[in-house]
Structures are given as C-alpha cells and as structure tokens.
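The two complexes that follow have chain A in common; it is paired with chain B in the first and with chain C in the second.
Coming up: the complex of A and B.
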C-alpha cells in the first residue's frame, strides 16, 4: 500500500572549507556547493524491493535519508502514496529505517529497544507486548528479549535492529547497508533471511548497499548511482546483461569486465575493429549507431566479461601469457598479459580442462563478438543501449 | 622469582606513599571530627582523642545557639535548586551544541567557553550590583542566580554527548520521539556517570560556597548558608573552636550522604553493544 515517487529530487550541500587562518587569525572560508544527489527521478511500486547501488559517496545513502525525512530535499518532490512528503516530518511518513551501525539503545533490553519504537503510537501495553513478541518470533530472537545489546553477537544485534523496524509495521522499510558489518558467512545467511522476511512483511523496501551481490540477489530493481546521478535503473539481470554505460558495466560483475580501448573504422562492407592485431568485423547491430559518426576512426571501449572468455591450449583466436591465476574453489580467475593489456578470464572449476594455468605459461583464448559490449570512449555510454539488445 | 620480589617491593612502596598522602588529606577531617567531642578546656590540650565521645554539647550548642539547622536548610535549598537548574541548562545547551547545526555554532560555543577564563572573584562586585538592582539581596534566588549557568559543565556534557551516535537520535525521531523524549529516555541514561558526577560536584561546590552567600545575605542573618553560619559560631570575644568543628561535621553530612547515594551511578557506563563491533 505504499508507492514512492521521486521527481527530480536534488540535494546540495554547502561545504565551507577553511583555508589558512588559525585560532587568532580570521579563517578564509571557501563556500562550495556539492551536489550529493542530482535529479533523482523514479517510481517505486507498492511492495517493490528497490536497491540503491553505488560506490561510497555516490549519494545513495543521502537519497535514502531524504525518503526517510532525515535530510531536507533541496529541489524536486517526494511522494509516498501520491502524498507530497517534502515537508512532512519523518515520524509522520510511516517509514522505518535500519541503520548501518544498528544504533540500538545500549541501556535498554532487546524487548525495550523494540517496544520503544511503538510505545509512542500504541498506548496499550498488552498490544505493544504482543507486537514485539510477534516481530521477535519472525526474526528468531524471542529468547534474547531480556538481554542487553552488548550481550548479543553481531548477527543478533542486526536482527534486533531489523526487529525494531518491522515491529512498527511501516509502509516503507528503509535499509542503509544493514549487512555491511557482518562477516561473509553471516552476511550470506542474513541475505537469504531478508528474502524470506520480505515475503512476510507488507512493505515497500528501499535498500542501500555497495555490495553488488546483495543488490543482484535482493532487488526487484536496482538503481546504479555514481557521483549523485542515476546511471541506470533496471532489473538485476538487465543491469548485468545490458549495462547503459561503461561505469555500470564495470561496477556490476565479479571479476570486473575487461575493458580494451579500440577504434572502429569503416570498410566497404561495414565496421571493423582491430583487436590485438586481429581485424574483426562488427555485427550489423552496431552499424546504425556508428554510421552516424563522421570520424574515420571512432574511439571506443570494448568490454568483455571474464566469464565469456573461453580458454584453451591452442586454437583460440588470441594469445596471452598467464600473470597470476587465482583459485577460488569453484572457479579459477586467470590474469593474462596480452600485448601489454591485462585480460582476466573466469573458468568454472567444473568446466576445467587439462590446461596449464601456471604463471608464465601461454594460453589461447577466444570470445564471441556477440558477447562484447561497445562503449563510446568519451561519454562512456553503451552505443547500442536502448537500440537493440546491447549485444 | 626475582622479578616477583621486585614487583612486591614496588607495590608496597606505592601503597605506602598513597596511604601517607591519603592520611595527610583526611587528617584535618579526622581532627575536626575528634575535636567536636572535646570540652572547651580539652580543646587546648594537644591530645588528639577526646576524653569521651558522649560529650555532645558542641553539637547541641551549634544547632541551637548557632541556628545551624536553619542555615543547613538554606544551604540545602540553594545547593539543590541551584544544581538542578544548572544541570538542566547545561544539558539543554550541550544538546543544542551537539545535535543541532546552526549558524555561528562554533562562535557561540567558544564564547561560552571563554567565560571559563574569567575568575569568579572579578565578577563579585558587578554581580553584587546586578543582584542588588534586581532586588534579590537576602533571597535564595539572589544566592543561586549566579550559579545557574556553568560553562565547564556544559562543555563536559557536550564532550559526552558527542560520543553518542547521531543515528540514535534519528532512530528515535523516526519513532516519533521529540528532543525532550530523546534526552530523557536515551541521552541521560547513557550519560549517567557524567551527569551524576557533575551533579555531586556542583552540589558540593554550591554547598561549600562562602564569599558570595556571605555578601548577598549580609543584612539578613536568617538567610545565611551553613558555611557562613559556621564562621559566626566563633567570635573574637568567645573563641569556640570545638563548636566550629561540630558545625563543620554537621555541614559535611549532606555532601557525604549525596556522595554515597550517587557513587554507584558514577562508575563507568558505556555505549557497549549499541553499535557494531
């Protein structure tokens, strides 16, 4: 029952930097406007799980805090259920938030931490008690209700923090990197629990993370942000398979996509690129975009994901020298030097053949041109994004 | 083994020095306590112990002749209300300086801290004139008013509040709690050791104040505080030191009781478990 609409939401910080000066000399103040979030527009549907993803400082947390009402919106409009919320106090927005550092009240028991969130709204003690126990049951923390936060492990504290939010039964659940402080194993476990939890709670979720695995597994839709701007909004598989820009392409995917600078040139039959000394014909899907360009050599960035590179001992199109190979258990990540460019390939362990992956050995590899992405070298935009299927 | 012996010697030495210093500090109190049981003739005798602990005339005289009961009540009212008001104002100011962002925040903060550098005695005359113009001479308010604001307490509280994550305030504001609720339910319980220590310290300071209460209540004997009252027990024609000692013993009681009550709360209390880690 809660849709969220953001229209050109913008947040500008005025940061004043002191230059020189000291205790007794007047500081020269340099006022500088920093745009934390720029023209964020999006419609989040009821009960949707939206993940804001990006590197630190990209404005994802600021966006979340603006939805929460903890940060003022400088420009643009925020609607929750079609009601303008710009000037509504956070307590009246019916949103709950899980903070990155949990922010539990250390002097209160787990029960009181959770009950504190609803006592103001529900005067009936029995009802408070019932709701807290119900939420604790969902999260499996019923046996810790009498304990203080300091007596709990990291994962249990995390549950209490989530419990404090769900006990309110809010329309909107906001989560600010809730799993970033857990160890890897616990994070995986909590991630799948969040998925289960989501089905039990009737709320719209907005989730902030810098972890792409969390974003890909949890989100119905993912918003990739950089420097306060939205780079792409889409379903996780769309973002992976059809990235709008070089930034999105390299940010999503592990190991990171290989990027090789190339130039496209026209020949009578179409467009070609020269890659590691081999001339390759580009598919017709690129022609329409490239033919609009006047340059004789169009500077491009070629992207190929490590998992789409096929390795073999001989017969592959290209040749590289193994720099290092990393065994991760279920896969091998091979870093190769190809004419001075580092190319990373990912081979799944179960597909592993009798290939010598050791350092300094020469490997052959190839990939299909249909798995390749081409980005404008200047703007970084995917030249076929929105035109075809991007491949 | 050698090492253990060395440690033992060092520990013994430290204990001895500490005990010696402790005795020097507490000796006047012990002397005062013992002397309050002495008869006038005994007092001039260099013996430390009184002949009998059952000689209570000094206490009786101090309370009856010296009107110490009334003075103790005056002192209590002044010290207690003064401390409460001072704490409330300090807490609110420290809260604003910690959790609010406003123009000139640092300027005002340092302006307030700057007042700590002005010695209290310098202000004695101006304060007296102000209080007298306000017609507050010989009133409780007149004695208390100059102690309502304390820059150092505000500063100490702010230092404590700064260690409390802002997320906690945001979390409570999202749950519908305003600033006052947050202060009462979260901030103060978490700052209990600092708040109690400052409370006790402030109470004892106001209780022990001498010069200011003396000049403000000069013309009204029944408004005197206990500290001023005690000195009046002794006059040039009648040297009654054992009476003064009994008065001092009586005046110490409230401070000691307060300290004992609050001591438990002064121990370290922390943010353990609130955050990640």
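Coming up: the complex of A and C.
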C-alpha cells in the first residue's frame, strides 16, 4: 500500500549570477529566484503508474527528486501513505529510484550492486542470494551476475539499475528518464518489458520522461508539465483527445497538431469562423461557450491533428500545394502550403489512394469540424475543455 | 613519388619531435640520468675526497657502509618515518576531505585553512615548528602543560620530525582527496542515499573504493618522499648533527657526501634507499591490481 499525495508542492532555486567584473573589478552578484516547481498538487493512488511528462527544464525531475527526498520541499506538503514526509530522510521513505545514467556502483559486480542495499536489512545470506537471483531472472541478467557494470551494454546496465531497485521491494518506485540513454530499438524493447514488469511489482510508480510515446504507453495517468507548472493531469487518451490547452495539444501527438489563427464572429444564429476564405459555422458546443463572452469578435487558435485531415485529388473543401512529403514506411506525412500557412496531414500507407503526393502538386483536403479544437488566442486554453464531459 | 613525399614529411615530423623533446632530454640527462649512473659507478669504485674515481672497489664500499654502527639506526629511522607518515597522512587527509566534502557556505574558508600548509616553504615551517616546540619558549609545552624536549631530546626527536613532515604534506594531499571525492558521480551518492546505505558503509564500500586511484597515488608519492627526500628537513632542524636520534639514510648520505666527502659511502646509501623504495613501489603496484578501481 502506498499512495502519494502532493499538496501545493513548490521548489524555488536561488541562482546567483555574476554580472560584469573584470580582473580588478569585483563581480557583482545578482540573486534571482527561479521557481522550478510551482504548486504541484496531485493524489497518486496505490499501485498507480503516473508519468510526469514535459520538455526539459519543466520541473518534472525536480518533482520526482522531491518525492525521493533528494531535494528539499520549499513549500507545500508531501504525504506517502498519509504520513507527512517533508522532513523525512530519503532512506526512511521506502522509495527506490532508477537514475537516467544508471548510477551503478562501478567497482562492484552486478550481484553486489543488487545485493548491497539489502545486505544490512536481511541478515540471512541465502535470502539475499535468492532475492537477487529472482530479480535477475525476471530481468534476464542472470548470466551477468559476476560481471562489472563496465562490461555490460547500456540496456543491460539499466536492467541492473532496475534490479537494484526491485530487490528492495519498495513501496514507491521512482524512475528518472530510465530509457533516454538507450538507442531507439532498445528503448522500444525496454518499454514493453517495463509494462510487463509493472504487473509483477507491487509498487506505486512515478516515472519521468520527455518522450510522449513512453508516457502514453506506460502511464495510467499522465501529468503534463511546463515551466514548473502542471498543465494537465489525465489518462493518456484524455490528454490526447481532450487537451486542456494549446501547449498540451501541440506537445502530445506526432506529427504535431496544426494550429491556425482564426477569429470567431457572431452572426444572427451563432458563431462563424473564416478559414482559408471559407466561412464555416461553429457547432453548438463551441457557440454556447463563446456566447457567454460578450464579445462579437473573438481571436482563437484552431487546432486540427494531422491524422484527422482527409486528402484527395478533388472535392475536398480546401486546396494546398505540396511542399514536401515524408514516407515513414507505414504512413506518409504531407506538408502543404495553404495560403501561406503550413498544414501537415498524415495518411496511413494502407489507406493510400491514387493521389499524387509529389512536390508542387495541388491536393485537396478536408476535415470534420467536430475534430477541431479551439483555443483562446490569449490564454491558450481549450475553450470547450471541461464543458459537457464532466471534468 | 607519393611515397617519397610521405616519407619526407614523416622525416620532417620526426625531426620536429626530436627538437621539441631535446631541452627536457638534456635536462633529464644532466640532472637525473648522469647522477644516477655516477652514483652506481661510485658505489662500486674507490673514490678519493675530490670525487675522482681511483679504481674498482667491488663490494668494499657496501661492506664498509653496512658494518658502520650508525647504518642500522638510520635505516630504522627511515622506515619508521615511512611507516608512520604514509598511513597517518592518508587517514588525516581522507578524514578532512570527508568532513569538507559537501559544499557549504563557509567551504572556501576551511578548504583554504586545510590547504594552507602547502604555501609555507619548508625552511620556514621548520623554523616555525622549532619555535613552537621549543622546550623553553614554545607554546606547545606551555599549552598542554608538558615538559617535553621535542626536537632536542633523543626520545622524541624522531616523533617530532614525523609530526612536521605530516603537517607539511597535508595541504596538497588534502586537495587531491577532496577533488577525488567531489569527482564521484553525484547520482551514485544519491543512489546510496535513496537505498538507505549507512554512513560507514557508504564511506568504506563506495567512496573509498571509488577514489582508490587517488589514494594509491598519494600512498606512492608519500612513500617516495619519506624514503628519499626527508633529509633536508632533518638537516635544517639541526638535530642529526648532535644526536643520531633522527639520522635517516638520506641525511647520513648528505653528511658523508657533502660534509665528509666520503663519496663511496654516500653512493651506497643513496643506492640502498633507492632499491628499498623501488621494492616498496613494486609491492604496492602488485596490490594495486586487486584493490584499485580505475573506472568512471
């Protein structure tokens, strides 16, 4: 049993920058507070797998390190199993951590690396031996137990690091970008192994990554962060299909969502937008939200995911000139120039029809207005987020 | 044709390398290799008081040296200094480095304090110690209410010399230890924290093995220092002239070579110290393979 509760957890770094100063002049120090994590609040349920996702420098690793006890919490509270942990030392929190660069003890064998932490706790040598061999068996590193870390490949080292964490049988398992030092193929393989592993380990997982595929496939819930703030917390499909803001919408999804600046204007029966010279009526769900704002002219950002755009030779609503098309094997990504705006469309290879994707050819495309997201141009918030879906 | 140009270029490269290495080579020949070979020659020759070789002596010089009454005490003193100084320096510098490992607000203050002995010249520190440990006016005796003769009494002279050599060596070795400790990957230390490894286990099973190359380096250089170069200090302290309580192989060599012009004796003594040091170094390099971990 291990639930984790974070209440307004905040971390502020004071960075001193020296400004000016030469050989004989004294450097002036400028103190500046940098908020690394701001008011992070979340309840993580027992045995849940939560992924913290965001670009580098967004505070996701700092949050993880605060849970681990490697960073002090400046404001807010952290509870593990309803026990306040702010001032509890790392070793008394019953957490295990897997580091990005493995952090193995280079002078110890694989066996010793895994046994080192539990030797003091379990006096029975045979029991230690059994636990290490069991973990090694699960991770497929049984034959390397006598080797030193430097004799192993990156993937094997990361398995040892995971093994070192699981022999301890911790309540909370923390992983800080564990796969980002591996090459693409190994990363995919380890990812699916982590999925299997998770079912065998009775622990609550908090996993940090900047890779959206890892986040979407591994997480029960995903926390999207930016500049130290939580942007959205939700199940992976929710984050994808119902993004709270423009940032989340463009951060999740590959290729990135198309964003087109538009303006909504009121006409007798509802709201309309003008898109590439075509006047389109917005659906009721949009109109009802927009009508609450007493403005007749509202600047918006229209988002449409590339996979929801349908291409054809003729008959589509809009027209674009092909700039480049990328063949990735199972799909084709087409970049089009539509009145000076770049629109990206993704067509799956098996749906491919007899369309000319070559450069400079003219393509028609269309999409359904129900697949479109509208964001406030100023705040970037999804104008229909939390409306009608009970959130 | 192409081959010719290549070999010409290679020859020119070789010449440049040779020219660049020439100054240091000349320097090494003049001050290291020539004296070394000369010492070996002297040890096996009859040498007059002007330093001129007057024929082959065989083992005569060795028999003469080893049968002298003051040889064994000097050997014993040299080994005692090495045996006490080397481990003591390691323990002190490692402890200081472990204490100051973490960067704190006043780190730079005590880091400077610990490294300060480095900046005091040897003769100056000898004089300072002499006055500090003086039985009549020194504050050490006064402060600890002792009545010891320190450098003056033959019971404590060697011990006092060891204190002085350890103190002089601390600064630099501390700096090496500290940078080695700070060079341990941060995440490895964090892993020990999260895994709840206790402080003694962390020090003995993680930190010391990881900085073992530095420890080994300090061990070897200190060993050589104690065996081969502790003489000037002992000569400056001026104790060996009156009493033989602190005479080492090197200070004995200095006296025989420079004061009494007994070059045969001096050569045998330096050769003896050299062979002993070489032996110890070989022994430590043999243990190095098992105990020292070179990896990041």
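Side notes on the structure shown:
Keep this in mind: the second predicted complex is superposed on the first by the 384 of 391 C-alpha atoms of A that agree within 3 Å, B and C clash if a C-alpha of one lies under 4 Å from a C-alpha of the other, contacts with A are read in each partner's own complex, and residues count from 1 in each chain.
Keep in mind that, in the parts below, a residue touches a chain if its C-beta (ideal position, glycine included) is under 8 Å from a C-beta of that chain, and two chains touch if they have at least 3 such contacts.
Since this is a predicted model, take the numbers as computed values, not measurements.
In the three-chain model built by superposing on chain A, chain B clashes with chain C. Of the two partner chains placed by superposition, chain B and chain C are both touched by A:106. Looking at the shared chain after the overlay, A:210 reaches neither chain B nor chain C.
Once the two complexes are laid over each other on the shared chain, residue contacts for A:38 go to neither chain B nor chain C. In the superposition on chain A, contact of A:187 is made with neither chain B nor chain C. Looking at the shared chain after the overlay, A:91 reaches both chain B and chain C. Within the superposed three-chain model, A:221 lies out of touch with both chain B and chain C [touch as defined at top]. Of the two partner chains placed around the shared chain by superposition, chain B and chain C are both touched by A:120.
Contacts of A:151 after superposition: chain B is touched, whereas chain C is not reached.
More residues of chain A lie in contact with B than with the other chain of the pair chain B and chain C. The interface of chain A with chain B overlaps its interface with chain C at residues 68-70, 90-91, 95-97, 99-101, 103-107, 116-117, 120, 148, 150, 164, 168. Those residues of chain A that touch chain B in the shared complex are 68-70, 89-91, 95-97, 99-107, 116-118, 120-121, 148-152, 154, 157, 164, 168, 181.
The part of chain C that touches chain A in the complex is made up of residues 185, 187-188, 190-191, 193-198, 201, 205-206, 209-210, 212, 293, 295-296. Within the complex, the chain A residues that touch chain C are 68-70, 90-92, 95-97, 99-101, 103-107, 116-117, 120, 148, 150, 164, 168, 174.
Interface residues of chain B, counted against chain A in their complex, comprise 165, 167-168, 170-177, 181, 185-186, 189-190, 269-277.
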